[in-house]
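Okay, here's the structure, questions in a sec.
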Amino acid sequence: MAVGMSSQEAGTVVNTGPLLGAIEVGKSFDGKTWALAEATLTVQPGEIVCVIGANGSGKTTLLRCLNLLCTPSKGRIVFHDEVVGDWPAQAKIPAAKVRDVRTRVAMVFQHFELFPHLSAMGNVALGPRHVLKLSKQDAQQRAMETLTSVGLAKFANKRPGALSGGQKQRVAIARALAMTPEIILFDEPTSALDREMVEEVLGIMATLAQSRMTMVIVTHELNFARQVATRVVTMDQGRVIEDGPADVMFTRPQSTRSQELLRGGDSKLWQ
Amino acid sequence: MLVEVGTMVGWAQTLWTGFVVTIELSAICSATTVLLASLIAVARIHPRPLVRGLADAYADVARSIPLLALLLFVYYGLGRVAQSYGISAFWLAVFAITVSEAAYLSEVYRAALQAVPAGQQEAAASLGLPWWRMVWLVIVPQAIAPSLPTTVNAVVGIVKGSSLASLIAISEATLAATNLVSETFQPMGVYLTLTLMYLVILIPLSLAGKALEFRFGAIRPADKSGRTRRRSLISVTPEV
Amino acid sequence: MSSGYILKYVLEGAPITLEIAAGAWVLGTVLGLVLALARQPGGVLGFGAASVITILRCVPPLVLLYVVFFGLAAEGITIPAVPAAATALGLVEASFTAEYFRAGFLTVQSGQFDAARSLGLSRSSTFRLVVVPQAFIFAIPPLLNSFVALLKLATLASAVGAPEVLYRGQLVYEQSGQITTVVIVIILIYLLVTIPLTRAISVLERKMQRSMR
């Protein structure tokens, strides 16, 4: 899989380097077992990449390497044609560089991770105010707009404790959007939600996908992936098994493991 | 031993002047201790090992030296120098009590900071927040409520510690009592009155601390060496 | 006056410090256990025990020491400085050890109590055979820490003339005027004793936590 492969599905054929990529990345937490053995995942602008795998396949670790929450043990992370880090030779990445990447790469977490001491508005405005250095009014205005776009304008002053799981995750998405990111990473965004709320959140994500936001989504929701993905990546045991256009992957996946993982649209993947 | 209530009331009135100083001393020390302990606690979770090491070293050393020893050191060692600058012994006592008590309190504050779930750090980091802002905007606010009970208990400890200042000639309550004893030759009665007056101040405080503990839960340092699961909030955040 | 002399002079107070700390520790542990047990059943006795604990926690140790040493002497009961200090500090410490035992009781009680009772053990036997022994084991690390704390609290005894480390430090300072040396000597003594002890106790604590899982 060469860096620079164009995206065939999105309608925007971009023949440049990837927007964001993890190249031959490996991660070991204890020096013995490798959560991520060697995985390559690159994302072009406009793509919606769904990463499918069983628990423990390394998909979350890979995602977290993309915004440097996790430091790879080996491999490279590239952002806009620039090699951000190259391990194991890499010394520490300058803090400013890490912050720059994270400002432009947003993440939505499985357990929402809203700041409990702030209202929904406070949560969403925090980044714009303190990272993007907007004025208080501008930050709040942007927060209000983003909350409105996810349908939660009325809940702006509520604390996370007063919100349902689905609402919390929508606030989390708003928080990510308020940073006007170039790409959003989703780490199993609906795995911690009850069934009814899953649809609520997936709806927002589908709308986002239609507006051409670049997204990488680790998920078990195969129906959803079928709907929105432009590309599907299957992972197992810390490696990428297969990586291809969504329509191909869902109809003719090549490896048996991929077939297992992608089989069955109506049921969620259980471990 | 039977002392008339009237006499005790009279003594209490005499001792009250001393208590005013006790309250002053304790209030100032409480403020400075909370401040210093907060700074030390944040330093103990700083990404840079040097900062952490210095803060840890301060906490270890300051907790090992008895408060009375520190008071005497400061008094005899710096007393003359301080006087030449016009700094009274009162401030030497503030210094000693603060340095000593803050070491213990920083242990608890550090545990409270580390008790904030790691996911919060990650969410803040993924927004691009630098370390200081993450700590100030996200971590510290969530660590305040759980630390309140222990802070109240620390104030109780500070008031008790203030009685030691009597031994470096600070005119607080205990010294007032000692002087009164030398006038009345009734140590039992006077010291019991003194005890009762301390209890009047400290029992409500102590009960308030218990009530807060009930409401917010108590932070217990994970273990005395301070080695909890995460040694510092470092792995996900870039530095300042 | 040489540093060596100062060191020796001050160190001669160490046995007194140990005596005071040990005496206070024994008193504090025993009394703390009694108070914790008395508190358990609740009711009038429980309330009384809780009140005693609160009072002992809220008295400044120095003041209690004055009551025991000066107060009792004026009433005809003369207690020498060292036992007086051990008594006063022991009383103060009892309020803390009572808390350690109580925490131990609560921790052990949840599952084990019911298990023992369903075997047919009476309430007091359950307590005696199952809860208290385990609570004791649970309370060992904090009890050891309280001994270390008492080593430091023993300095208060210098206020009533007990010749422990700090008192002797004051004496040798008055004789020599060498404040810096005296300060360094005393600091070193306390650092070299308390830090290794505290570390050892936390190692023990971790080992115990692991084996109790």
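Chains: A, B and C, in written order; residue numbering restarts at 1 for each.
Everything below uses one rule, namely that a residue touches a chain if its C-beta (ideal position, glycine included) is under 8 Å from a C-beta of that chain, and two chains touch if they have at least 3 such contacts.
All values reported here derive from a predicted model rather than from experimental measurement.
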Contacts common to chain A and chain B (chain labels): none
Centroid comparison with chain A (C-alpha atoms), farthest chain: C
Whole-Å gap separating chain A and chain B, where each centre is the average of the chain's CA atoms: 46
Between chain C and chain A, distance of the C-alpha-averaged centres to the nearest whole Å: 55
Centre-to-centre distance between chain C and chain B (centres being mean Cα positions), rounded to whole Å: 20
Contacting residues of chain B [partner chain C, same complex]: 1, 60-61, 63-69, 72-73, 76-77, 156, 159-164, 166-167, 174, 177-178, 181, 185-188, 191-192, 194-195, 198-199, 202-203, 205-207, 223-225, 227
List of chain B residues in touch with chain A within their complex: 119-120, 122-130, 133, 137-138, 141-142, 235-236, 238-240
Of all residues in chain A, those that touch chain B in their complex: 67, 69, 71, 93-96, 98-100, 102-103, 105-107, 109, 111, 113-117, 126-127, 130-131, 175, 179
Chain B contact footprint on chain C (complex, rising order): 54-55, 57-64, 66-67, 70-75, 141, 145, 152-156, 158-159, 166, 169-170, 173, 179-180, 183, 186-187, 190-191, 194-195, 198-199, 201-203, 205-206, 209
